[in-house]
Each structure stands twice: as C-alpha cells, then as structure tokens.
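Both complexes shown next keep subunit A, but they swap its partner, so subunit B is in the first and subunit C is in the second.
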Partner chain A sequence: MVPLSYYLVLSAVLFCLGVAGFLIKRNVITIFMSIELMLNAVNLTFVAFSAQLHKLSAQVFVFFVMVVAAAEAAVGLAIIIAIFRSRQTLNVDKVDLLKL
Partner chain B sequence: MLHLVLFYIFAFLCVAGAVNLLAQRHPINSALSLIVVMGSLAVLYLLLGAEFVAAIQVIVYAGAVMVLFVFVIMLLNAGEEEHSNASRVAVYVGVPALIALAALVVYGLLHNTPTAGVQLAIGEFMGGVKPIANLLFRDFLLPFEVTSVLILIAIMGAVVLAQRGED
Partner chain C sequence: MSDHLHLWLIPLLPLAGAFINGLFGRRFSNRVVSAIALASTAASFGLAAWTAMQFAHMPASDIPYHRDYAPWIIAGGFQADFGVYLDQLSLVMILVVTGVGFLIHVYSVGYMAHEGGYYRFFSYLNLFMFFMLTLVLASSYLLMFVGWEGVGLASYLLIGFYFHKDSAANAGKKAFIVNRIGDFGFLIGMFLLIQKFGTLNYDYVFSHVANMPLEGHSAGFLTAVALLLMVGACGKSAQLPLYVWLPDAMEGPTPVSALIHAATMVTAGVYMVARSNAIFSRAPLALTVVAVVGLATAFFAATIGMAQNDIKRVLAYSTISQLGYMFLACGVAAYSAAIFHLMTHAFFKALLFLSAGSVIHALSGEQDMRHMGGLRKKIPWTFAVMTVGTFAIAGTPYLAGFYSKDDILWKAYSTPFYGHWSLWLVGVLTAGITAFYMFRLWFMTFFGESRVPEHVDEHGHDEHGHGGHVHESPWVMLAPLVILAALSIIGGYLGVPEILAKATPTIGGPDAIHHFLAPAVGSEPEEHALPPKAESAAALATAEHAQEAEHKMEMMLTGASVAAALIGFLLAWLLYWQRTDLPEKITSQIGGVYRLVRDKYRIDELYGHLFVKPLVENISTNLLWKQIDVGTIDTLVNDAAAGAQELSRRTRRMQSGNIRSYAGWVALGAAAVVAFMVWMGMQ
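Right, the complex of A and B next:
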C-alpha cells in the first residue's frame, strides 16, 4: 500500500517545480505550461484525498479544474498570439509597457 | 508491493518530466516533457482508482490542451529563449527559496499525515463513469451548467482575441 503522504509529497514537488518554471522561464509559452503543471499537481492532491476518504466529490472537482484549465489555455494562447502579432516576440522581458 | 513499485516508476517519470520542462531551452521540448508528466499522472490516477479522471486526463490534457500548445508553438515559430538579467536574479534568489519551501512542505507532510495507505487493489476502480455522472448531474448540476457557460464565453473570447484586427 502506498501511504497517502507519498502522493501529497509528489504533488508538492510538482507544484514547486511549476512555480520554479514560472519564475525562471522567459518564454511566455513555457510560463504558461508551468501554470498547467501546477494545476495538474493540485489535481493529484484532489484524487489522492478522494481515494483515501472514499469521497467521489473530489473527482468532480478535478473535472471542474480541468474545464477551467482548458478554458484558460484557449484564452491564454489567444492572448499570446495577439501579443506576438503586435510585438513579434515571446520574451516576457520585452513585453514591459506597464513597467515604470 | 507492486503498487509501490508502480508508484515509484511513474512518480519518477513525473518529476523527471517536470525537471526536463525547466531544463530545456526550446519550448517544443518543454511541451513534450509536459506530455510525459500528464501521461504518468494518468497512470497514478488509475492506481488511485480514479478511472474517469485518468481517461479525461489523457483525452483533455494530454490530447486537446497539449495539441493546442504545440499548435501555437509551431504557428509562432517559437525559437530558443534568450537570457536576460532579470532571469538571473530569479534563478539565484527564487530557486533556493523554492527548494527550502519544498523541503519544508515535504517534511511537514511526511511527519504529520496518517501513515495508513490508500486501500485499493490494482485494477479496482471507485471513480467509474456512473457514480461520477450521478454526482455531476444531481448534486453538482448548477456548477456544471455554470462551467458550460464559462467555456462558451472562453471560446468566444479566444476567437475574438486571435482574429486579425480590422485595419
């Protein structure tokens, strides 16, 4: 039997790697992929607790998280296309119009 | 025992894929390693008995969302990312702080959660389509309808944002 804490630790490690990618990466598409990684880590926690507590509502929540992530990916990638069209770059350091 | 071995194999694949996502400079390589992470997560969901979630993880995430990512990378012809001064600060300050945070969380989890394992045999499922559908279309009917409106708005927003301007 795999203890619940192993799944939680894996999920925490994946989440921290997602945060690290969000901080380190300069390409806006890769930053977006790091956000997806964090969402996946949270989903793993939901499913692990669902199996431990024998509650299926957690899996319904995973379903909602996936729907929101899919909507976010569609809108976010459209925004990336719009940014690229106006600036010809994907580097977040060059998209700094609001910076003082 | 087999449970634990399978967990270790796919947990290792998950972490390796996530590290590779950070290490690669070209976004297409990062996208492919993210697909590895999502595929191994689907196997972990199966180990946890979540059959339906594993299926939609492969179909929606590894399928639809990642195809969208790869499509945009190809469309914009994204090349290797460049270095800048700001990212160096992020590496030297952010990464040690994150490692400390991860170590703290792992220590807390390993010492404060009950050691009782997930009591499921391999191949035993508790999250089939029928019980989930019962929940989704009865107890969670209103949130379900609200998300359908949300995704409709997201589709329209994506179309409006990605279309070419009038001028």
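Right, the complex of A and C next:
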C-alpha cells in the first residue's frame, strides 16, 4: 500500500504548481487551468484521507468540488469568450480597467 | 379630609388655555383667542374664590391642606410628589395672582388689540399664570422651583415679546441670566435641605426645622440655608445686587410689566421667604441680612427713581423699592406685614403700570415724561385712576399703601430683637422719596403745559388704526383700571392697625390680615415677647401703661411717615408745578451727582466691567471658543480626517487593477494563514 505521505506530497506539489501558474501566467485560459489544478490537488488530499480514515464523507466533498468546478468552467469559459470578443486578447495584464 | 377641593385645576386651567392658544391660536381670530385666554383665567379665579369660601369653613385641624396627587421623582430614599399645599399664605397668593391676573388679561385685550402676535401674547400670559400658581400652590420646594423657573421662562418670553427689537431680546436674556445666578443659590439651599432631611416637602422640613437647636452646627446649617434661599429671592425679586434685570424688563409690553414685573412674579421671592419663615425665624443672622438688603434696595432704588424720565422706568425702580420694603418686613420677622404689602402693592402697582400703559397708548407709544404734560383733561379716566394709584403708593391715609407701608415701618421699629430705630428712619426717608418721585411722575404727566410732540398730537398712531390725536383708552382697558383703583382704596382696610381702627373703616376688624395669616407665617415675635403675666394690680397697671406708651409711639411714627409723604408731595409740587425752572437749575448745580443717579449709579457699567467683560472675553472668547472649541475639538476632528486621507492616499496603490497582483495578495494572505496555523500547531 502506498503510504499517505506520498499522496499528500503529490497533492502539495500539484497545488503549488497551480498557484505558481496562477500567479505567473498571463493567458486567462492557462490561469483558469491552474485553478482547476489547485482544486484537483485538494480533491486528491480528500480521497487520500478518505481511504486512510475509512470515511466516506470526504468523497462526498470531492463530488461537490467537481460539481462546482464544472459550473465554474461553464461560467468562466463564457466570461473568457466575452472578454475575447470585446478586447481581442486573452492577456490579463491588458484587462485592468478597474484600477484607480 | 375635604377631598373635594380640586386645587390642581387652578393652575391647570391657564395651562390648557396656553396650550390651545399656543398650538392653534394662529388660526383663530383675536376674538376667539381672547375668549379662551380670559375664560381659562376667569375660571381659575372663580375656583380660587370658591376655594377661599370653602377654606373659611374648614376645621383648623385640616389646615394646612396638603394633598399629593401623583409621585413625580422617586430616586433612592428621595421622593418628590405633584402636590398642593394650601394654607392662609398660599390662599392669599392665589387670590392675588388670579384676581390681578384676570384684570390684566382683560386690559390686554384692549392694549394688544392692534399688535402682531396676539395669540402668542395670550398664550405666554396664560403660561405665566400656570407657573405662578404652581409656584404658590406647590407642596415642596422642588415643585416650587418648577414654578419658579417657569415664571422665569414666561418672563423671558414676554420681555422679548418684541423680539425683532434688539434691546428687547437683550433685556430678555439679561433677565434670564441674572435670575440664573439667584437660582444657583436657591438650588444649593435645596441641596443642603435634601442632605439634611432627605426630602423637600414643606410639612417635613418645617416641622423638623422647628425642633432644631439654635446653637452650634444646626444654627450654621439654618443660617446657610436661609442665606442661600435669600440669594434666590434676590434674583427673582430684584433685590441688591441682582436687581439690574428689572428696569430692562420694561422692554416688554406694558401689561406684562404690570402682571409679571410688578404685581406677581417679582413678589415670588417675598412669598418664598414668608413660606420659609420656619427656617428664617430660626436664623437671626440671615434675617438681619434680609432686612438690610431689603432696606438698602428700597432706599437705593428710590433714589434712582427720582432721576428717571421714562415713565415705565420710574415705576420699575419704584417696584424694586417697594419689594425692598417687603424684604425689610420679612427681615424683622413681620411676614404677614410683608404679605399685606405684597397684596396692596399688587393692586396699586398693577394700577399704576396699567395707567401708564394707558397714557402710553394715548400718546401712541411715547414713554418719555418730558414729552407729556397737561394730559389731565385729555384722558380724564386714566388721570383719575392714576391719581388713586399715586396717592396710594405715596402713603396717603385712607388708601391701601398707607396701611401696609406704615405697618412695615412700625414693625421695623418695634419688633423686639429685630427692630431698630435706624431701620425705621431709612424706611421713612425712603417713603418721602417715594412720594416725591411718584408725584413728580404725576405732575409731569398730567399737569402743566402739554409737551406732547406735534406729530403725536396731530397725526401718528397709524398702526393703531384710529386717527391721530391723544385719545382715551377703550372701556375694556379702563374697566380693570377702575376695579384696581377700588381695590387700591379698600385693600388697605384689611390691615388697619388697632390705633386707627376707630378713625378708619376696616374689613374684618383691626389687623384682620395679620390674624388671618398668623397660623401660616408663624406667630410674630411680639407674641414671644408678651409681657409676663401680671400678677399684681401694680404690674397690671405698668403693663397697661407700657401699652399706652407704645400706642402713643405708634401714632407719632405714623404721623412722621405721613409728614414724610407730605414733604415729598410738596417738593414735587414746588419743583414740577410751581417753579418748573427749578429742576433744571438744581440738576446743573449738582451736575455730577445728578448724572450719576440718572445713569443708575452706573451699576450696569460696573457689572459690565467686573463680570460680563472678563467672562465674555477671557472665559467665553479666549478659553471656550478659541482654545477649547477651535484649538482642541476642531483640531482633533480635522487632524483625524486629514490622517485618514493621507493613509488612503498611500494605500490606494494596492488597487492596481492588475489581476495577478491581486492574486499575489491572496496567495500571500493564504500563506500567512497557513504559517499562522503551523505556528499554532507547534505551540
């Protein structure tokens, strides 16, 4: 059996990759994918603990997270398309009209 | 207990009138306004008269009639109730207040007919009646203080009735502020009473004061309380050194001067001292102070009265002077003499003021006596009633002022322990001066050549609607004058001294009012000092002899005061009728002194320099305004605002609009939270 720490380390690595991508990348779609990466890293932790502790509630959480992620993807992609239509770009540094 | 005396209605009826007129009067016609005001006051007077009739049948054990209607303040062990306290003293007061008050209401209907703010005037006047009746009917010092402050408020409102005139507004403020000083003393006196007795109810306080020993700690306490109450009385009753507001109060309409600043409100201090006779009589030092203050005021104000040219100012100083007489009477523990003079003074001073108002009305607002003269034939009714008033105040035998003033002078001389010949001497001198300035007013106004300016005589008077020339007042104004004149004649017959009882008519026998008031204001010291019971025939004869000598003395002193009044009359006759050129010469001879007196001894200027200017400039302007308000409070507020602005100016850079920088802040925050949790876990 693979020890729990392996899953947790993998999950932490994936989460950090997600954060790094979120901070560094300029393309909206890449940022979006980084968010998905962070969500799935958390999901991995959930199921790892679920297996370890023999509790099903963590897996229920995972389903909720997946549902929210799907909804977010639908709305997010729609926003991205709208942004692209109005500004012909996906670079977030160019979308900064809200600054003072 | 006779619970059917609905005393609470007596003050509340005028209050209802004040409310109705104050809230809705603007929409009523003048006729409705005066109907409401007169009806409420008349009902109040009717009730007071009915109460007096019931009072006569009440068994002595029920007097004083005391009844609490509802609790007002309950705080710890202290309780104050809405209650009434009716004894001989408050009965006389409610009769005077409602009676004179009603007559002045009637007069005002004519006097104010063409003035703006008619409903406002009557609303205030009724409000005054309410507070004055609360003052005299209250069953505790605290409720009396409510009335006390309330009449001050009404007085302020009515002095400033012509508020568009600066001088009237300022006079109102002056009256209010000077009264505040006196009220401060009254308040401290009440605090002392609460500390000692835990209550301010008359019943409790008076019965306990009566048992306090006259030496040591309790003597000091009684003297302190009495003196502090006297400070309050000085403010309200315009005695030295707080009299300065009363002459200025003449800025109000004349009926107000008559009702508030002559007949009733200013006598509240006298009433308060008489009401507190249990305290004062056990504080001889305080009584001496009262007598000296009263006498000094009487003399001082009378001298100022000699040199005034404004007809209302003469009467104002005369009022101060007469109030001084009342305090003199209180100061020699002759409280019933003070109340007797209070009553007769209310009659003849209200009469004098209202007649003066009638003169002013006839001359379309002219108040300077140098512009009057020769009015005797033009306004005969006013002349007739004013003559009665003038002779009454001057102390002419058979008129009211003679009996009450002589009573005071005799008591000032004869009361054992308190009385002194010097008090009598200054009193008689003042009586002479009083006669002089009153007859001066009388001669200057009604006799000699007319000095009425042409424009008043011929045209003018437009705002009053009826054309030009000097005219007699309407009947609605004259009727109260005639009634007051009658009262100024017969009022004195209530207190005819024994020695004159055969020579003059009396009401209820000699000294009726003193016998009536005796249970309320305590036995006068005369009774303490009754000669020891004569056991032998010789001793009896000596006592009789002593009494005879005393009567002789009283006769002589009475003769002396009549002589003083006569001299005053002759002097005024000489100067203002026979040789009208003389006053000019005399005043130029003694120029400096005359100007000093005419300028009221420049007391106002003195106070201005001593108190008002330092207070306004140092405390008010420099400390409170420039240092505390502008320097501290404004700076604090402005600095806080400027600090917030500076902080946000710096931190708004965080709002870059760049999504990645926001994300960086979020990540940083999350990292900080994680770091905190790890650190917590390690602890």
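FYI, the second predicted complex is superposed on the first by the 100 of 100 C-alpha atoms of A that agree within 3 Å, B and C clash if a C-alpha of one lies under 4 Å from a C-alpha of the other, contacts with A are read in each partner's own complex, and residues count from 1 in each chain.
In this section, a contact is a pair of C-beta atoms (placed from the backbone, for glycine too) under 8 Å apart; a residue touches a chain by one contact, two chains touch by 3 or more.
Quick caveat: nothing in here was measured; it's all calculated off a predicted structure.
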{"item": "Contact breadth on subunit A, by residue count: subunit C or subunit B", "value": "B"}
{"item": "First (subunit B), second (subunit C), both or neither touched by A:Y6", "value": "first"}
{"item": "Which of subunit B and subunit C A:L23 touches, first, second, both or neither", "value": "both"}
{"item": "First, second, both or neither for A:H54, with subunit B first and subunit C second", "value": "first"}
{"item": "Which superposed partner A:L97 touches (first subunit B, second subunit C, both, neither)", "value": "second"}
{"item": "Contacts on subunit A seen with subunit B and repeated with subunit C across the two complexes", "value": "19, 23, 26, 93"}
{"item": "List of subunit B residues in touch with subunit A within their complex", "value": "3-4, 7, 11, 14-15, 18-19, 21-22, 27, 30-31, 34, 37-38, 41, 44-45, 47-50, 52-53, 56-57, 60-61, 64-65, 68-69, 72-73, 75-76, 78, 81-84, 86-87, 90-91, 94-95, 98-99, 101-102, 105-106, 109-110, 113-120, 126-127, 131-132, 135-136, 139-140, 143, 147, 150-151, 154-155, 157-159, 161-162, 164"}
{"item": "List of subunit C residues in touch with subunit A within their complex", "value": "652, 655-660, 663-664, 667"}
{"item": "Residue ranges of subunit A in contact with subunit C within the complex", "value": "19, 22-23, 26, 92-93, 95-100"}
{"item": "Residues of subunit A that touch subunit B when the two form their complex", "value": "1-10, 12-14, 16-21, 23-27, 29-30, 32-34, 36-37, 40, 43-44, 47-48, 50-52, 54, 56-57, 59-60, 62-64, 66-75, 77-82, 84-85, 90-91, 93"}
